[in-house]
Amino acid sequence: MPGNTFGHVFRVTTWGESHGPAVGCTVDGCPAGLPLDVADIQRELDRRRVGQSRVSSQRREADEVQILSGVFEGRTTGTPITMLVYNTDAKSHHYENIKDRYRPGHADYTWDAKYGFRDWRGGGRSSARETIGRVAAGAVARRLLATFGITLVGYTLQLADLRAEVFDEAEIERNIMRCPDARVAALMVERVDQARRELDSLGGIVEVRARGVPPGLGEPVFDKLQADIGKAMFSIPAIKGVEIGEGFGVAMLRGSQNNDPFIRRDDGTIGTVSNHHGGILGGISTGEEIVVRLAAKPPASIAQPQQTVDRDGNPVTIEVHGRHDPTVLPRLVPVAEAMLALVLADHLLRQRLARVTWEDRSDD
Amino acid sequence: MPGNTFGHVFRVTTWGESHGPAVGCTVDGCPAGLPLDVADIQRELDRRRVGQSRVSSQRREADEVQILSGVFEGRTTGTPITMLVYNTDAKSHHYENIKDRYRPGHADYTWDAKYGFRDWRGGGRSSARETIGRVAAGAVARRLLATFGITLVGYTLQLADLRAEVFDEAEIERNIMRCPDARVAALMVERVDQARRELDSLGGIVEVRARGVPPGLGEPVFDKLQADIGKAMFSIPAIKGVEIGEGFGVAMLRGSQNNDPFIRRDDGTIGTVSNHHGGILGGISTGEEIVVRLAAKPPASIAQPQQTVDRDGNPVTIEVHGRHDPTVLPRLVPVAEAMLALVLADHLLRQRLARVTWEDRSDD
Amino acid sequence: MPGNTFGHVFRVTTWGESHGPAVGCTVDGCPAGLPLDVADIQRELDRRRVGQSRVSSQRREADEVQILSGVFEGRTTGTPITMLVYNTDAKSHHYENIKDRYRPGHADYTWDAKYGFRDWRGGGRSSARETIGRVAAGAVARRLLATFGITLVGYTLQLADLRAEVFDEAEIERNIMRCPDARVAALMVERVDQARRELDSLGGIVEVRARGVPPGLGEPVFDKLQADIGKAMFSIPAIKGVEIGEGFGVAMLRGSQNNDPFIRRDDGTIGTVSNHHGGILGGISTGEEIVVRLAAKPPASIAQPQQTVDRDGNPVTIEVHGRHDPTVLPRLVPVAEAMLALVLADHLLRQRLARVTWEDRSDD
Amino acid sequence: MPGNTFGHVFRVTTWGESHGPAVGCTVDGCPAGLPLDVADIQRELDRRRVGQSRVSSQRREADEVQILSGVFEGRTTGTPITMLVYNTDAKSHHYENIKDRYRPGHADYTWDAKYGFRDWRGGGRSSARETIGRVAAGAVARRLLATFGITLVGYTLQLADLRAEVFDEAEIERNIMRCPDARVAALMVERVDQARRELDSLGGIVEVRARGVPPGLGEPVFDKLQADIGKAMFSIPAIKGVEIGEGFGVAMLRGSQNNDPFIRRDDGTIGTVSNHHGGILGGISTGEEIVVRLAAKPPASIAQPQQTVDRDGNPVTIEVHGRHDPTVLPRLVPVAEAMLALVLADHLLRQRLARVTWEDRSDD
């Protein structure tokens, strides 16, 4: 059964291979009447594009998006929104010499095991280029969320042992690491430069937050909000860990410390004094900020010689050249935001189904 | 849209409230011809039952399961398997005095926010009693997996700051903490006793492993094996973090350290020298052991007085009495195993759809 | 992939075999806050029950339904509603002598072909007894629809060549054929008696109508309202044809005859002068009455000797004794109504997702 | 919830508006390793194209398809197959004068009722041009079916009162009506010419058959093979009735006439003497020919003046000019075949999930 669709009522299907003609997505389930401009999409794609800085890889493509359906006179029509980006800078010959050798840490072996063969050009569909479709779809989701007062922010929290100590939101998009701590960001850039010189790569942690999420989103029992967030984040290439709120830190806490007391806020609504729970209780949003962290492994593509095997199992040495990121973190930020946006848009709509009578809360 | 179903082709729907007439599940999509006995189900339910030991809560029910459909002459028929357990020891009056007060760390407030009201008796559907359906369904999944040579093991890895240092698999079911390190298990029990005396609760970490998983399971791009595992684990009550393989540890590793070199094993198959990747690459199983960790928060129900609000937002003090676990870990183990079994059974079947021609690998 | 679930957001899963312990269903996705009483369910089950009259079979069971979950203090809670009926009058020995012989017109052979074996007792899951779950779920759907002013009526339109010529709605539940034409109903009863004497059975046509359906229900392009109705009706045992509005009659009409002119109704809303379209245009409801007809084959169980083969393909003669309906029509009526109710409830809720802002129209 | 996806494991999502930039589809779930060439797709698209003959409308487009993903070195890779056709001959000005007037028999009013507004250019997404995506996807499905020895044939059975009396399969693609009876085909063409002169349109019936379908396809109880076929056919624009096998004719038959006796065929397999059941019993294929008929209403677009209302409900007269088919039948044939192919491909794959062990039957 195919696995290229995400979401239940706000659904995105991505398609396309790294070196095929194009990559793209179809968003099905976006409600009619949402103002949408191609610039809304392009802005987010520009944020994820490679070749943006010296910490990222050097593939140079404009990644210019086209909207092929679902928008009429500047508004969504309720029909599927298909968006695509043609691939223009695919250099498949870089990959020919490794097409029969399994790169360690990559999907080469497992795709062969699954399908019997694979499109080896640039990683085929396992390439991070697939995330273009996610970011385009996420941009539609963000537009919808914004209408209801929900905003997202993501940033690099940690690279190797360097962790942001200051949270200056305005700083995030100012530095090439997308780190909210200017001082630590500078150290991170140095560390990336060093790793590149050493033909190696670095892991790290990205954090994403959502604000303005109304209480009530999330569906017991399997589609809890954190369950769909967990799935969304673990579906991003390279992610090996996901936390909500206090995350693994809860192991060290007692109930008396971890429980967040409820209070009445000044505006009469109910909130919590602290936010160990990360905005979700019992699988449903509380109205507090949703806080998600994801751990990204160091990119598997390194130029050092590595031991591996070929398709027949013979031991071989491999060196992975080409245009690769020594760290995935800055480009991961818009992808993680997009995935969180997709989850929230889906659950925002699903909440309309929860009660016999329902009142909408659009501020539009 | 309802969220009570898990899985794509091997699907389980759970239903039931803590103090309603019964809890149960329907498994739809189990292939025909699987030998299945009610004892296979009961054994797993007995492992999750409360009142098993002094570290668990004191609700005393036999939790005797009935199979109502889908099995004929000892084999599954390919039709839905419905199983149920009647609730016999529900003491709803324990909850009457707190039905209008929001317990910190619980789902009371968010369920009211979502649905407008809730079944407050014993937590209603947000009760951990819902996991009976998961464990029953998981037992069917395990039976299917066993047919293909796949086995699972789970255990308590860490309670507060106490972490198992020895892995003695035979020890796991011998101690009431389900910890593979006998010495640390004893310390954990002491720590639980202490927490109970102090009217408090403790968090911790459970680890689950799957062995014998063939390479090729997992569906790019959104239904990656780790994505569905992440969703499964985050859907369990109290879980705030999930890791695969190296998990958050990847943040501190370099590519040259984290990449697992491929080798040819003695039996001619391809494997890896190390297992930082936790058995999954590119969202697809490699054949190495699948390793998952999940962080469980300290149970929210503590007998200390806590500050909170009532339905109207008025500040009130609450004390949560009744039969509650000071730690959820030992009972979490069979639930986590069940969820992993559900994911693997689903993907084992889905893999049959991946190629035009397909050969099955049952050892039955 | 399992096929025991119907609906997208208002979902019903049925389960159970004719001679297993019980049959039932789970409704997932019913919104919270709907007043629901077990009597609402029992009333519909009583309408479909066998042994009601001399035109129906003689299996005698009370078919008493239990609600096991999802209702609290007389209202739905938004959680799954599981309902079951225990089987009490199963006489499996009637079937033992034909368990290896394929009854013509029945599912015996195809179930063996699909699953390798089958529960042969009373037809197992292919028995019409499975429709108990549908009718129970349909009763919940009807309760929801009624809240929004939508009502359904079904009846026997035709038996063999006897077709109702008068539509007297009050007459329908007065005669055992559920035919709206008292005179024709009497002829039908005679015809059924004759067929029984001749050890034969009769086909016919049931019609179902829905009133008060607001314009706008139905989802382009594959989940058109008529597509989901078509699926619903064809999923009922014995159905071989389905029509919407003019149905097959459109083959003989010209566009100038078949097009229904739009008009402004007295209340200012838009309607059509005629209703060839049967309440659906472009897959979306118009607000006019929805009209559906379904053709039911003569029951395959007849007591005459018939030629067939056994499991090994050997020619054998078979006589199907037991308690069988010479016509399925009167009992088909509540099943067809239930299926239409399920489709409409599903699409009523889905329509809440169609626009960025949405106003509900409950009259509750 | 979106309705633009069809199928469960072999899934197609179509997208695009009549006068938008492009129309297309994504096929997700096609197994890896299927030989596929763009010519396989183009051939079927050419069959549905307009402007083919004097019985069809005059929109002139090459409808040249591009495959953007999912195929590598002539074989499917198991990843999504996206195909598109750019719209090149859209003349939207034809529609400007009727954008606020509701064409009788069309989806104008219902789309406005659903979404609040609509893309009125050429019918937007309710245009039959959407079926390009279906036919492209169906061509992939046919390629898969052919590998397993399953073939399809469709034809015009009846136009108005003219019904084919001879079945000469070789004749079908020779005449512009796609009628298997050459003599009747000629009469049909005359009748179409006459209708065009009279500014009117004609209804009719298409029949589709599938051969070589193995016994065992179809999923009890809701996803019966005829249920998914019913949904598929009713999702095609203009369809108001669907029959399987004997269809509505069963109303007039007795059980002793309608039951098809089982026999052992010469090759040792089990079959039936007659085929009233149309290849499906109990929702599962028998191995006999699958026979489906669908009734298509006369096209709603006629050039005669018609009474209707505008968006505000004011009575207006409308004349629908432009390029319209006086009959939809010949172009409906490839669409109906495509839909049947999609259903069968889906169920062929789903059958792999039915048993614990499974042996594939590809003849490839």
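Here the chain labels run A, B, C and D in written order, and each chain numbers its own residues starting at 1.
Here is the rule we go by: contacts are C-beta pairs under 8 Å (C-beta built on N, C-alpha and C of every residue); 3 or more make two chains touch, one makes a residue touch a chain.
Each chain and its UniProt protein: A, B, C, D = Chorismate synthase.
From a predicted model like this one, the values you see are computed outputs, not experimental measurements.
Participant: Name whichever of A-B and B-C has more C-beta pairs touching across its two chains.
Facilitator: Looking at contacts between chains, A-B has the larger number.
Participant: Just grab the chain with the largest centre-to-centre distance to chain D (Chorismate synthase), centres being mean Cα coordinates.
Facilitator: Here the answer is chain B, farthest from chain D (Chorismate synthase).
Participant: I'd like to verify one number: the distance from the centre of chain B (Chorismate synthase) to the centre of chain C (Chorismate synthase), where each centre is the average of its C-alpha atoms, in whole angstrom.
Facilitator: Computed from C-alpha means, the inter-chain centre distance equals 38 Å.
Participant: Between chain A (Chorismate synthase) and chain C (Chorismate synthase), what is the separation of their C-alpha centroids in Å?
Facilitator: 45
Participant: Centre to centre, by mean C-alpha position, how many angstrom separate chain A (Chorismate synthase) and chain B (Chorismate synthase)?
Facilitator: 26
Participant: Which chain A (Chorismate synthase) residues reach two or more other chains?
Facilitator: 1-2, 4-5, 8-9, 14, 29, 32-33, 78-79, 114-116, 125, 220, 353-355
Participant: With touch defined as at the start, can you tell me which chain D (Chorismate synthase) residues reach chain B (Chorismate synthase) in the complex?
Facilitator: 1, 9, 29, 31-34, 76, 78-79, 144, 147, 220, 349, 352-360, 362, 364
Participant: Could you pull out which chain B (Chorismate synthase) residues touch chain A (Chorismate synthase) in their complex?
Facilitator: Spelled out, the residues of chain B (Chorismate synthase) in touch with chain A (Chorismate synthase) are 1-6, 8-9, 14, 102, 104-107, 109-111, 113-116, 125-126, 130, 158-161, 195, 200-205, 215-224, 226-235, 237, 239-264, 268-270, 272, 276-278, 280-287, 295-302, 304, 306-309, 313-315, 350-351, 353-355.
Participant: Mind pulling up the chain D (Chorismate synthase) residues that touch chain A (Chorismate synthase) in the complex?
Facilitator: Residues 1-2, 4-5, 8-9, 11, 13-17, 20-24, 26, 28-29, 32-33, 66-70, 72, 75, 77-82, 84, 114-119, 121, 124-125.
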